[in-house]
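Going in written order, the chains are labelled A, B, C, D, E and F, and every chain counts its residues from 1.
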Amino acid sequence: MDFVTAIQSNLLSPAVLFFVLGVFAAVSKSDLKFPEALYSTLTIYLLTAIGFKGGVAINEAGISTVWLPALAAMTLGAVIPLWAYPCLRKLGKFSISDAGAIAAHYGSVSAVTFIAATNFLKSIDQPYESYASAFLAVMESPAIIIGVMLGKGALGGKFSFSDPGVRHALRDAVLGKGVLLLIGAMIIGSLCGKRGMASVEGFFVTPFQGVLALFLLEMGMVAGRRLGDLKKVGLFLLLFGITAPVLHGSAGVLLGHWVGLSIGGATLLGVLAGSASYIAAPAAVRLSLPEANPTYSLTAALAITFPFNITVGIPLFFELAKYLNA
Amino acid sequence: MSLHPMKLVTIVCEAILEDRLVELLREVGTNGHTAFPVHGSGNQGNRSADISEMANVQIQVVVKPAIAETLLNRLQSELFAAFAMVAYESDVRVLRPDKF
Amino acid sequence: MDFVTAIQSNLLSPAVLFFVLGVFAAVSKSDLKFPEALYSTLTIYLLTAIGFKGGVAINEAGISTVWLPALAAMTLGAVIPLWAYPCLRKLGKFSISDAGAIAAHYGSVSAVTFIAATNFLKSIDQPYESYASAFLAVMESPAIIIGVMLGKGALGGKFSFSDPGVRHALRDAVLGKGVLLLIGAMIIGSLCGKRGMASVEGFFVTPFQGVLALFLLEMGMVAGRRLGDLKKVGLFLLLFGITAPVLHGSAGVLLGHWVGLSIGGATLLGVLAGSASYIAAPAAVRLSLPEANPTYSLTAALAITFPFNITVGIPLFFELAKYLNA
Amino acid sequence: MSLHPMKLVTIVCEAILEDRLVELLREVGTNGHTAFPVHGSGNQGNRSADISEMANVQIQVVVKPAIAETLLNRLQSELFAAFAMVAYESDVRVLRPDKF
Amino acid sequence: MSLHPMKLVTIVCEAILEDRLVELLREVGTNGHTAFPVHGSGNQGNRSADISEMANVQIQVVVKPAIAETLLNRLQSELFAAFAMVAYESDVRVLRPDKF
Amino acid sequence: MDFVTAIQSNLLSPAVLFFVLGVFAAVSKSDLKFPEALYSTLTIYLLTAIGFKGGVAINEAGISTVWLPALAAMTLGAVIPLWAYPCLRKLGKFSISDAGAIAAHYGSVSAVTFIAATNFLKSIDQPYESYASAFLAVMESPAIIIGVMLGKGALGGKFSFSDPGVRHALRDAVLGKGVLLLIGAMIIGSLCGKRGMASVEGFFVTPFQGVLALFLLEMGMVAGRRLGDLKKVGLFLLLFGITAPVLHGSAGVLLGHWVGLSIGGATLLGVLAGSASYIAAPAAVRLSLPEANPTYSLTAALAITFPFNITVGIPLFFELAKYLNA
């Protein structure tokens, strides 16, 4: 299967097509609207399910298999903001806090993009390390902490750990709902193992892919409503929103290949690195870097990088992983 | 029945600020508050509440006039610059003045 | 199985019994209440699931099989308001806009009644054309457009396409959430086919009938709360609410038989013709014909015709279809 | 601290009217609004918000006095007759008068 | 445009009281009301609305001045002691005085 | 399997671990929050599912098998407040209405504790009478009625059936959402039987245990948020919140054994007797006994007795039932 076929197979999945329908609904100003409670519920469900499944997989694989690639993933997440920040400052002319905020979003990860990638792999029968959601879990926080430190002026020496904004970011990066659900459910899954999975499979596994399709319908509307903001963010951020996932994602695939992940696993690490957070990061960053304009980071993450990854990024990283393995 | 004049302070802001605002309310000496999930629009654009990051909250608090002033001043100096928000004051009358 | 057995088997289904429980909860003023977000969520789920399944069925059957009965269905939906309007004006003494509004509701269709009918057929092992939800999709809009045109005074020559109310109705009839979800999911289903269905079956098919039961519990409450409005709508509308489904439904069964549908398919076309819309039509009509009193159309559709169809109408149209086929 | 008098216009109406009202608000020159999901009852009966067709929305907007008048007049002439709604005006005081 | 003065009575209380309050409103002669799902805090502690038993409702009603007084008096004598609640009155102006 | 193993197996179930995660989320002040609509939805789902399944089981077992243990259960529920009330008055020094309110909560039952117990039994492959949810249904109301009568001063002769508070309690005890859903769904289940179950199994059974896990995550947060209130309720109520379930639960197990229930069935009756209501009772009691401070009963039921039963109580009653049967 070459790149075109991969893209095609990805584009014709229910998940991606429902995303497109959502964008259409928003752009055509249909009165379709998901209640906010449904959005929260779907988020809670997806994070819990993916965390739990990952925990069960860790229980099966053993921590000795998981720790090295997980550490690599974590390091990658921490490094991305360190290079993205100067690039956003110098080339993008962003303020210190805006650059820190955007860097935090792009170093952190998007759970939904990750889930869409696992669906893609499943649909083409490509195996992957099922403990890969552990990478997702450990990549959420470090980038947020580092991005906020940069946005507070760490490079100019203005930064201090006693700053309430920084302490807030630390707290949120560890106790924010995204991280808490993922890590919490993962620990639960690894404690329960297969036996626990058997009892809750009918909820956390059976309907999972369909729920994702419904969620992507909503994400399509959310992204579609922000298309108007593309004008406000400027050409540089538009380019950044597409270049960053390609660069970060390729780095992720390479690193994954290097630490010995399978084609599927390296694809997933690429997808994680290439994705930008829109659940954990926005909440943590907003209160820690209030001077940063949330329109920049949210529009780039939601209206540019997310659609790019969902449609083109995932098959792209998969092809790269295949190529490296050949 | 005798009614006693009080001030009602209304604050509309990003939902993410709710906890911080309630803390501030306590610091200036209020005894309670009421919070509404809302959406809206303003200078910082549409806040459509389609995702929780874009939701607003309206907080209303009945207070003695002196506290209203302190509260509005602190909002002005600490929060107005960085967050999407509006705040205003109006006159109300209550039956149990010592409750507020 | 004769009519009495059919009714009995229908009445003893979980779906209908939960509807009755809902009516009881409303009438007895129990504090049971569904959050509005749950009502919206269930609506979104049911429309998406039925659309998607229909699309997959179209993909299987081929458009060449579907187009003729779909066209027949559409025509029927467009014709019903044309006869209902004068009847409501002359016999019912309704104002122009009220008559147009009610005609729009009865020409359009109720997705939930349709779904309940498919459940009934499944429960008695009666096969039906599984692409029948395409009829549902194409019957929603035409009647709304024609009903609004009539309600704007089209027969008196007062009507014009540049009227903002009419343009609004056209928009809503095509982009309203009901139509958008149904048609959108149907296109997605027909693009994905069986392969896509396999991945989302655990969400769109497995729990479907149970979700319908829960939804009918809520619909029972919604209908029950409007029983008090029956006094306000007058005797004529009460009679209309029962006569119209019988007439329209019989016409639908006949037409279905005539264009070559199976017993199950003709039953479903009858159910669609006999049903009255309470999702697509109310929203579109309210803004396009604001002078029309929504109590009339909503009470008739929700508190009279819907319960009638759910309990008696469905088995009735089934018996008629069987009789025609014998 | 100096507070500046403004008008608060409150409109309660069928939720389906929300977009149209927000458009009207923009036409009369307001800079923002806040919307509340509500239910209630009135001359047109119960609006229990059990289904979205029966939900209400309350819209509040802080405006300069002249705009309040225009707004209420337009509501009266364009919407009062056909829709379930109420509207009223009250006095509020704000810190940043040029925001409104 | 001529605006007519009315009273706006605002009641915040435990959500469980909603039906009873609406009945009371009808008894004192009001023509309608608006209800908001809210949460908050007060003398009886946090009411976080995480479960329906801990939810609040705010009820607002536009009434003629005489009715406002009756209403507040009845709240005081019948409900203030036993339930978590606050109530206050303010001035509003409406276009259609006979509606209220 | 001895007591320690039973506790262990219970503590390592997804349901209990998610409860612990919820407590942690609340105590650590994470921003994780379930929308209220989700809480209501989960409640409605669990009550409906458990009622429906119970009804199907009654249909299978026949009413002649069910009536005796159901009557025993009902009696037990009515008797508990009669002894708890004087104990709360004399030893706990509670006011008449507070004592009545607390007694009502502890005589009534917690559906979620019951469901968690059935999950526990299922996970250790212990069979139980599947019509046991009938006990749940009949135990909700009597205690509420008796508790409210006591709280209104029945022992001092001040009580009268024409008291609006009492009439309200009667109404709520019979038509409150908890009772209505349970009994309603049970009647529906017993009318539909196996055939009806087949159609809705994918919704009411397949995802059931996973939904419970999610609900317990929320209940953990709800309980965790009330931990601060423990200070307010006083030492006596703390002790009562642990002693009462042990005493009532043991009585329930004994009674169950005595009327011929299996080990599993006796365990469930024990769990019901030992549990305290936090859905039906709070709503009914609040309006009927407004002078009672809801903090007492809600904190005791939610923050003490519920966690105790979920973790220790269930395996404890199971061991007792096993011991009696040996």
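What we mean here is this: contacts are C-beta pairs under 8 Å (C-beta built on N, C-alpha and C of every residue); 3 or more make two chains touch, one makes a residue touch a chain.
All values derive from a computational prediction rather than experimental measurement.
Shared contact partners of subunit B and subunit E, listed by label: D. Taken over every residue number at the interface, the positions common to subunit B and subunit D amount to under half, indicating a different-residue contact. Set side by side, the interfaces D-E and A-C show unequal numbers of C-beta pairs in contact, with more at A-C.
A separation of 46 Å divides the Cα centre of subunit D from that of subunit F. For this pair, subunit A with subunit F, the centres built from the Cα atoms lie 41 Å apart. Chain centres here are Cα means. That of subunit E falls 35 Å from that of subunit F.
Within subunit A, residues 33-37, 40-41, 206-207, 283 each touch two or more of the remaining chains. Within subunit D, residues 36-37, 90-91 each touch two or more of the remaining chains. If you check the complex, the residues on subunit A that touch subunit C are 12-14, 17-18, 21, 24-25, 28-38, 41, 119, 122-123, 205-211, 213-214, 217. Subunit D contributes residues 1, 3, 6, 8, 22, 31-37, 62, 90-96, 99 to its touches with subunit B in the complex. Of all the residues in subunit B, the ones that touch subunit A in their complex are 14, 16-17, 20, 37, 45, 48-53, 55, 82-83. By the touch criterion given at the top, residues 33-34, 36, 39-40, 221-222, 225, 229, 278, 282-283, 286-287, 290-291, 294-295, 298 of subunit A touch subunit B in their complex. Within the complex formed with subunit C, the residues of subunit F that make contact are 35-37, 40-41, 44-45, 48, 52, 172, 175-177, 180-181, 184-185, 187-188, 191-192, 195-196, 199-204, 206-207, 283.
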